[in-house]
């Protein structure tokens, strides 16, 4: 991977980030909502609603013409200013600083678990292709992929929290982040988020393994007299890993902004997903914009990482 | 038609795909004729609140005029409401049937829309190439990069929670996969002899696109569509679950959303629609995978 | 040439159990290979040559299965060895070179790694020894600048060079038998010739026995000491190269030779194609395509008939010149 | 400081949250020893607060948080007696009712040790609350009508701890506006004056770092949408003798679902929370928990659209009475509220000192819940014909009457009400078409109105000819009244009332509300009479159907001591402790 390629990729990423930013900026503002909405119901007799609305909109800087707001926003972004969150009354950057960790620990733990379990499941089932164990595992993978994670979360709460009382029904932010009790508290959320990932990765690894098992070089490896475990681990798996790495990387953003969102919602984890959901409902533009942009950057970052990882893992690309 | 019969024959060999197909057919039939046999899903009956399903019993608080306060009653499931009732005494069976209609409608229409948009964008991008391709693909990239659920939530929140809008927004945001697939398939077809031949014969771009390029990608599109339907169904359910569903319809997500607050008093409200969702989604996944295998020319082995 | 027999295949049956039925890919074949000889297995594609080779190494994959027979190497029946012991046979006593060098090498490991891996699989030696041995092997098979190229990846080599690497891997433990499955087919003509020369050279140098699988009678005539002609999973004719090529008995062998461009430059193809192996024709499996087929050919399977001590044919017309 | 106590539309299901006063005033002389310690955790539902910068707050939750650090001038006990907080003496109203003299304690301090002075109050009013740049949402409460123009009242500093607010017109209920007065430190805020952006984003104002000894707790940590933690204020001006407050921390924890909230209470993770009616019996059976059933200031109404885009019949009082007469308040209370409520007949809750039963039409219960009589009324109004001895309710064209019913989405109580009302009206032959809409849609499309074709900006009441964007006939909503100052509710009932979205107009009602704000009403008995008369007229007129006053069930850990259960049970919360 030479420098000009990297530069090209970065430029491409920037264009896409700009596109996402612009799209969400205008999407948020063409709707009929205004941050002054929350005051509408309380505006009693004797008030000139439009005057108060105007004052409130000017307070949050949303009274300017759209293009002006747009350029102002870009300008402040370039100066590292993410804006002011008027539904939480704090700078968006502070909000993110406080809340990202809750999302991160959930996503990190789930991903690690899903990668370990998913890959093991994939190797296990591929090595036992068409056996009973494989069929059972395949069925459970399908189930894991198909189970709606919001329902899964609810069922876990119903069974393990409400009926059995093993866990709290909500996530307790009072726990120190690096403690066993915090890890324990994250068990149900992580299961909720990771189940679909484990099943998906498992299936993907399995099919990637099977595809590579039919490759001639695997037969070559066996013909050399290598033990089957070495054949699987070295020749099949290392090759099967290539597309898996890509899929996992590309999947990351989907997980963060799909599953993690919902998981935070169910368990009351005040992560970025939940914050942005609340922000949508409060017409808090800057928070939604920031989370969207972070999401886009994370996605683009993982795309880039996938690319680099691919290059690292696949000498055919590395040396071109 | 012969080809269809051939693929059907191949599909028959796949047990899980057939199970999936059977459940989908059952669901469609239920959604179509079920409402004629059940009570209205909005019919409330406050004296039959929170009835458990058949075979279960549950302790419920009720106001008793005699006592002038609350009394605990042990409620048993009745055949009148085989799947129980919700907190307003509405029949859950009929709500679930109504939910099946909603889910199938969303799944089919939203996916259909996404496929049409995706196919048009994908095929034009590949066929015209050059600048058109770059612009369309950058646009696709932007759409892919946009956090999908957040985008959906934004649109639905902004413009109102009606079923039509939900379907439209799922369709409008879900086409990127199709576009990429159709584009890559078309790219590989574009240089094939028959396309070049018809170009040489003076066929118009549209004709080439509709008569030569699209039909040749149809099997991949069918597989993708089948596998996308659960995504659309889940997207609607997720939206409803977080409170952005169309409040006028009893969709599974809406019932789940309501059930979430009743987990202690009436667990079945949250359990039942989830089971339906799960079976529906897994059926489409089974069928989709089966179709993929059936269409796969390498799939003869085993 | 009557040196000792080192590998003997007896009544080998390898079937594939597919959903549509049983494919008799290798159906009751027997042949021997002697020390230092080059035995060519000849046949059209689909005749079971490769499955035979894989069966010898017990590398037939599901749904394929070796049903019965014996493969005797050094008095051991390979089919009765434990998987672990069989592992030690592969690459060590019997090695194999595959058809397509482009896919036979793992793209993500260096060639040096893949060659030394073959060494360390069977010899307990440290990494450096293995790698120096591997370098020697690479030199041996004619890789220029072997030391420098040790750390290169397969895609950095040409097809012919890749095949040399594959051969180097196969030679890693100086195997008694080297199975080469159409090793030159995927390469262009000049390279083919170089690879053939390499085999001849190696045989001379290591006294290896080579089972050379090909559909190319031209190649066979150049290198074979003995020949096994396969068709639809069965052996049609086998014997010394001079006998089989000089005096082909089986109509199929004759047909194959007809496929060689004759001096007059006319190619005479064999009519028809290989039958489906799930429901093979009764009697002689070749009869539907045989111009000389008799009634008995449609009913009974012809036995292996001895023509000379070293020449056998499976045909009712055996010895009769059609 | 109960701004939220003023008349308001309640947007959704109500948690316990901010409207309950948290105040102190008890004079018991217990020793601190043994009481100190523990964290009080209140379980809340719904949205988190938006800001601790009180002048910007639009939501009750924000004001609830702020009140933990900020007592306010007074508090009310459960019987609505005023308990002085920051006040040194009761507010003195001049005999002419035109000036209000406020004297605050002299031991109040900002965090930097500077004393809280009357100048701070006057500054807050004049330079912040009344300032155009601020656009304070409740500024209207501080204006009066003089010569047809709306002007602000005039605050004047008398001395270090005394200030006077002067009016030009008499309004007896202005007293309650004054008692709600809040304050900013002049020496900190003055640097932001005029710059609304800087003011909005000022860190000291957003994390309450100035509150000094003004409340029992101090800001410690706020994780948005999760919890706010306030820590014990050792300098609390009321704690000088007995060391109040006794909890080390006071925490409000927000739960996403009521399931989680109830489960947390059951498990003992939280100290107190509101309980759904269905769960009350279960919680009452738990020994470590006690449940109090207390009245609230809210009431539930069915609004009738009397504007031009509503069904014409609703303009007729008889029709409204007929509809109200067909809806059983008992059923609502028993079936939906499970007995936790009282039938409502007036905008003045029955817990209010101004409540009077005299002359009240108790429509919807007993003899006035009568569907036959309702049908007769419909016929009298011209919306029914007699057929085979029974009255068939039809509109003037002879068709079945179909009414469009709206309420907000996402609340089980709202939905249940909708279906119950639909059923009841179905019995008299009126078909009700129910639509659930989100709160914002409700506001924009159904509440806000303007004269068709005009370029008026839409507002909640643009005069009698204005109509909402979408037509509606019936609307179910929750409203709340300041029980001490029910005249605040006039915005729903007077012709030009700011929240008179349904277009009700009765000159008699207008005049009576005016009277409440006049010199005549300075006399409490006279005022009570006016209120009684208003209640009577409105209950006859039925501009809306008052359905019920719900009561709340609030669970506490049973080891909490010092609770005085009632409508404002939090008034002495700083004296509570873990026993």
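A few notes on this one:
Per-chain numbering from 1; labels A, B, C and D assigned in written order.
Methods note: a residue touches a chain if its C-beta (ideal position, glycine included) is under 8 Å from a C-beta of that chain, and two chains touch if they have at least 3 such contacts.
Since this is a predicted model, take the numbers as computed values, not measurements.
C-beta contact counts were set side by side for A-B and A-C; A-B has more. Innermost chain of the displayed assembly, by C-alpha centre distance to the whole-protein C-alpha centre, is A. Spacing of chain A relative to chain B, judged by their CA centroids, is 22 angstrom. Centre-to-centre spacing of chain A and chain C amounts to 53 Å, using the average Cα coordinate of each chain. Averaged C-alpha coordinates put the centre of chain C at 92 Å from the centre of chain D.
For the pair chain B and chain D, the distance between C-alpha centroids works out to 43 Å. Among the residues of chain A, those in touch with two or more other chains are 32-33, 130, 157, 162, 265-266, 281. Residue positions of chain D touching 2 or more other chains: 257, 259, 263. Looking at chain B, residues 260, 263-264, 302 sit in touch with two or more other chains.
Of all residues in chain B, only 42, 44, 46-47, 50, 60-63, 65, 68-72, 87-88, 160-161, 243, 247-248, 258, 260-265 touch chain D in the complex they form.
On chain D, the positions that touch chain A within their shared complex are 6-9, 11, 47-48, 50-53, 56, 58-59, 132-135, 137-141, 143, 150, 196-197, 200-201, 206, 223-227, 254-257, 259-260, 263-264, 267, 269, 440, 443-444, 447-448, 457-460, 488, 490-491, 494, 496-499.
The touching residues of chain A, counted against chain C in their complex, run 129-130, 215-217, 219-228, 230, 234-235, 238-239, 242, 313-316, 319. The residues of chain D lying in touch with chain B in their complex are 257-259, 262-263, 277-282, 331, 334-336, 338-339, 409-410, 412, 415-416, 419-420, 423, 434-438, 441. The part of chain B that touches chain A in the complex is made up of residues 16, 138-139, 141-142, 144-151, 153-155, 157-159, 230, 234, 237-238, 241-242, 256, 259-260, 263-264, 267, 270-271, 273-274, 277-278, 281-282, 285-286, 289, 302.
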